[in-house]
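In what follows, chain A forms one complex with chain B and a second complex with chain C.
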Partner chain A sequence: MTLLPDLALVLLILTAAVWTVAVRDRRDAVIGFIVVGLLLSLAWVRLNAVDVALTEAAIGGGATGLLLLRACARLVPRPAESVLPHPAMWILTGLLCSVIAAGLAAIVVMPVEPPATLAPEAAANMGELGLGNPVTVVLLAYRALDTLLEKVVLVLALIGVWTLTPEQFWGGAPASLRAQQSSGALRLLAQVLPPVGVVIGVYLVWNGADHPGGTFQGGTVLAAMWLLVMMADLREPPEIRLHTLRLLVILGPVVFLVAGFAGFWIANGFLSYPPAFAKPIIVIVEAALALSIAVILGMLVAGPAARAPR
Partner chain B sequence: MMPAGYATSEGGALLVIAVMLPIVGMIAIFALGLRRAERIAFIILPGGLFIALAIAAEVARTGAAVTYVLGGWQPPLGIALQADGLSATLMVLTALILCAVGLFARGTFSTPPDMSEARRPMVFWTLMLGLWSALNTVFLGQDLFNLFVALELLTFSAVPLVCLDGRRETVQAALRYLLFALIGSVFYLLGAALLYGAYGTLDMAGLRLQAHYNPATSVALGLMIVGLMAKAALFPLHLWLPPAHAGAPAAASAVLSALVVKAPFFLILRLWFDVAPQPGNQLAAQMLAWLGIFSIVFCSIIALRQVRLKLMIAYSTVAQIGYLFLVFPLVMASDAPSAWQSIGWTGGVLQLVSHALAKASMFLAAGLIAEALGHDRIDNLNGAVTAVPISVAAFGLAGLSLMGLPPSGGFVAKLMLLTAATETANWWIVAAILVGGILAASYVFRVLGRAMAAPKIGFKTLAHIPLYRELVVLGLAISAVVLGFVPLQPFAFLGIGRVGLP
Partner chain C sequence: MILVDMFTMAAVGAGMFFFLAGTVGLLRFPDTLSRLHALTKADNLGFGFIVLGLLPQSPDVLSGLKLVVVWLLVQLAAATAGQLIAQFVGLERRRDPAA
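== the complex of A and B ==
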């Protein structure tokens, strides 16, 4: 009986994916992409991977979708008779993609005996750290180095976007995120939603230690609230030279680094936590990371500076 | 199921510092930035060099790999960093080249006195340091996902360097580079996920113990190697490299060509010899070598036809990368007791190191020539020797390594590869090495001939180049030459800490 909803979900995902590829209009394709992201997050829920589902919805559906929509708005409209790749190229690309997809599917479907997984071992040490969410244990204990380096990647991505700033605008503010026609409904939404959204974001971070949720999901919700406020024209994006902005961007990595190096003295080395204080340290690191993620995502969507510093 | 565990060794904390020190510098510049970008970089650069040397000394002293287990969590659950002879060598190489490039860039990426922060210096120095951390992580990582993160760090530091000038065509080149690099990452990640699904571990040592031939393993390794090939710009996935490396400012080009494309090659080497079921697949090894041969011949010919100096050097990079991929069949067919004791292995690593030094020197020399003359059209280089004599000399010395003429590291490397190819009767590889040498000689001498020619009437230099910048370039070229005096035999140091050795 449970097979039916799953089959329906799979069909929906496939339909949305095909539509995204086939549709001619750029904007429609982006909207298709967002829909696929949201449907995929439903699939993750069905697979009991709520953390992945939350991330997929927030990043795959939300943040990436917004970025792509902004890009669409800034691109010149494509002329009707624009150059399309040769049909042979289409067929070749399609063929190659199908072969890879079919090969991967064949391998994934093949059963592995015994199923190879580290999940039981990952869960075994949860008590020692006082955490209830195995995903958080993986991200902030076993694989803390990866998480730390990923946050550095985010800072580098922001620098990469800022690289595109014209010389004379360096230090200035990104272009306004205002929607073309200012709408009263958006303004109202931007005044009503953020208080609730911020609470949800903070809850996701705070709760991530023991339940699904965590820094990335919480941080993205916070970023979404900030972006909403900017799009409704209630706030302008800040100048990129602002000291406070810079400090907020690096806050997460710095707190993480300090906690990591402190491990040399208070525990057994880099990125290890003393058992008695593991949970408070991890929660502080997560809070700082979420704040930095929110600011970085917001600034990534806002783009390079487009005005001279005042 | 559990492989023999890792244990943090004495001096293991050095590995953590090698990865984290550049990040600390990068964050400091980002936060304090302003006028201090360069000063912060000049604290980190010698510090990082010292750490790399200390790690190499520790490896040599103990005769074993230096290891650090992060957070005390044993792999495969946790992550370990490990420096063996090969990675220590590459870390020292990276530190040396970055320090040289840092000195060279002092002149071009200083914050102007009337500004609190400028775009170019801030971006350049933060990305350089990010790049350094990424490279060290690639050399030290033992976990496939940790290495994926290192590759992402590398991509996001390297790509913006390409469009530092902000010109339209450099932004285009950077975007193309980004697309190739990200597609490579996706393939790598897919492969890593498949391996985890099949063996339940991402730790290389654990995988080596369990890996056996089955469809999942072959497909996974194939995907990962193809993804890394795109990042290493092996023919025919090299299309992104020439515009990217030629469009970047000279200091960035030097690092991109000398070091960044070597990181994915290093990972292919590790996947091949440290993860894949042994003995490796003959057919795949031959295919990699053939792509290498195509790279050498095809891109050398294109280099010969270039109008602009930097594009010529960039095509030469693709050709020289090709030599690295010759090692797979050579090492596999060797009758040495282990891969690391074969002449092909040492030849390959020496080719990597000497090309890094020579190519860094060459790109920097091209940068100085362009600064002095105001252009880099090869047919119009007359008089370069009077304007920047030391740089032209450095270009020639570095050229020796590319051609494989004595005395130079490139000569010894190519001789070792040639010996290995003759011993194992890989005649096509012998032919490719010889033809590649002749083609490289043609494109290097074409530039030298022009640069040495008498200046045209009315010739004047546009900019005065400080002596120290020319000396940095010469220093790199001389290091590549000095490598030519190493003994013609496998180095024991490169085998330290490798599996299967006593």
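== the complex of A and C ==
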């Protein structure tokens, strides 16, 4: 009986995934992608990986979906007799994808005995850092370098988007995010929801130390609230030349780097923390990261500048 | 205790019925607006009943309050989404009255 909901979920995910690939219309495919993301997050919940589930729902379903929808809207409509890739290309792509899927499935289904895991050691040293959520411990202590580079990549992505700005608009504001027709309902939502959403975003970051949650999930919720306000036409996207904006974008990685280099003096080396101050340092780094993630995601969705600076 | 469980089952069952009705409406109704009507009405009622049924099962007052907050937020989001879709349909119709 308990297997039944899981089986239904797996079937749903597979159906949605196949539909996403098979459907012809670009926008339909993006919507399918969002649905797959939300269903996947349910699957992660069933696997007891709530941290991953939150990230998948926020980033995989939400932020990426929104970015793709925006990209769809900007693209020129495809002509009816659109160019399809050569059938050989089709088959090759399908084959390669199947090989990757089969390989991954083989690794998961037939694990090496005994499976190599660092989980017990990771759990054993958690107390030293004063954190209760093993995922946060791995992200910000054991594998902090990966997390740091991940955030730097986000900054680079934003720089990449900004470089698409036409010469005459450099420094100006991105195109307005408002809908074609102003909507009283949307405006009401954008006035009522942000206070709640900001609390939830901050809660997710703060809570990430001991429970599922963290910078990425919290930052995405904050970004979503900001985007909602911009879409409801209550605020325009800021000009990209603003120093405050640029400082906020690099704040997270810079704080992370400073904490990392401070490790040479106060602990054992780059990105290591002294046990006594581990938790405060991690919380400060997380707060700065969440703020930067929120600003970067918002500006990524807003896109390159489309108006001359005032 | 049994009475509470029976209440939960009845309320969640009613909620599931409304979800089912909403889904049937979504699949069978002819145009966007009536499909939207079926979906929002039935979903709000269905979800409301499920939350109502789960309330007596929550271990403490705080989790019960969380359920109510979730319900309110879903209501707000669903109502706004419904409005936006309906507005878009209106826009399309004005542009192309034949559709």
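As a working rule, the second predicted complex is superposed on the first by the 297 of 310 C-alpha atoms of A that agree within 3 Å, B and C clash if a C-alpha of one lies under 4 Å from a C-alpha of the other, contacts with A are read in each partner's own complex, and residues count from 1 in each chain.
Following the convention adopted for this analysis, contacts are C-beta pairs under 8 Å (C-beta built on N, C-alpha and C of every residue); 3 or more make two chains touch, one makes a residue touch a chain.
Here the structure is a predicted model, which means the values were calculated and not measured.
**Student:** Counting only touches as set out at the top, which of chain B and chain C does A:Glu167 meet: first, second, both, neither?
**Tutor:** A:Glu167 sits against chain B, while chain C stays out of touch.
**Student:** Should A:Arg307 be classified as contacting the first partner (chain B), the second (chain C), both, or neither?
**Tutor:** neither
**Student:** Using the superposition described at the top, determine whether chain B or chain C touches more residues of chain A.
**Tutor:** Partner touching more chain A residues in the overlay: B.
**Student:** Just chain B (first), just chain C (second), both, or neither: which does A:Leu189 touch?
**Tutor:** A:Leu189 contacts chain C only, not chain B.
**Student:** Identify the partner contact of A:Arg26: answer first if only chain B is touched, second if only chain C is, both if each is, neither if none is.
**Tutor:** Neither partner.
**Student:** I'd like to know which partner A:Arg178 touches here: chain B for first, chain C for second, both or neither.
**Tutor:** neither
**Student:** Using the touch definition up top, name the residues of chain B that touch chain A in the complex.
**Tutor:** Residues in contact with chain A: 8, 13, 16, 20, 23-24, 26-27, 30-31, 33, 68-73, 76-79, 116-120, 123, 126-127, 130, 133, 137, 145-146, 149-150, 152-153, 156-157, 159-160, 163-164, 166, 171, 190, 194, 196-201, 215-216, 219.
**Student:** Which stretch or stretches of chain A touch chain B in the complex?
**Tutor:** Counting only chain A, the residues touching chain B are 103-104, 106-108, 110, 112, 115-118, 121-122, 125, 141-146, 149-150, 152-153, 155-157, 159-160, 162-167, 170-171, 241, 246-247, 249-250, 253-254, 257, 260-261, 263-264, 267-273.
**Student:** Of all residues in chain A, which touch chain C in the complex?
**Tutor:** 179-181, 183, 185-186, 188-189, 192-193, 196
**Student:** Can you tell me which positions in chain C touch chain A when the two form their complex?
**Tutor:** Within the complex, chain C touches chain A at residues 73, 76-77, 79-80, 83-84, 87, 91.
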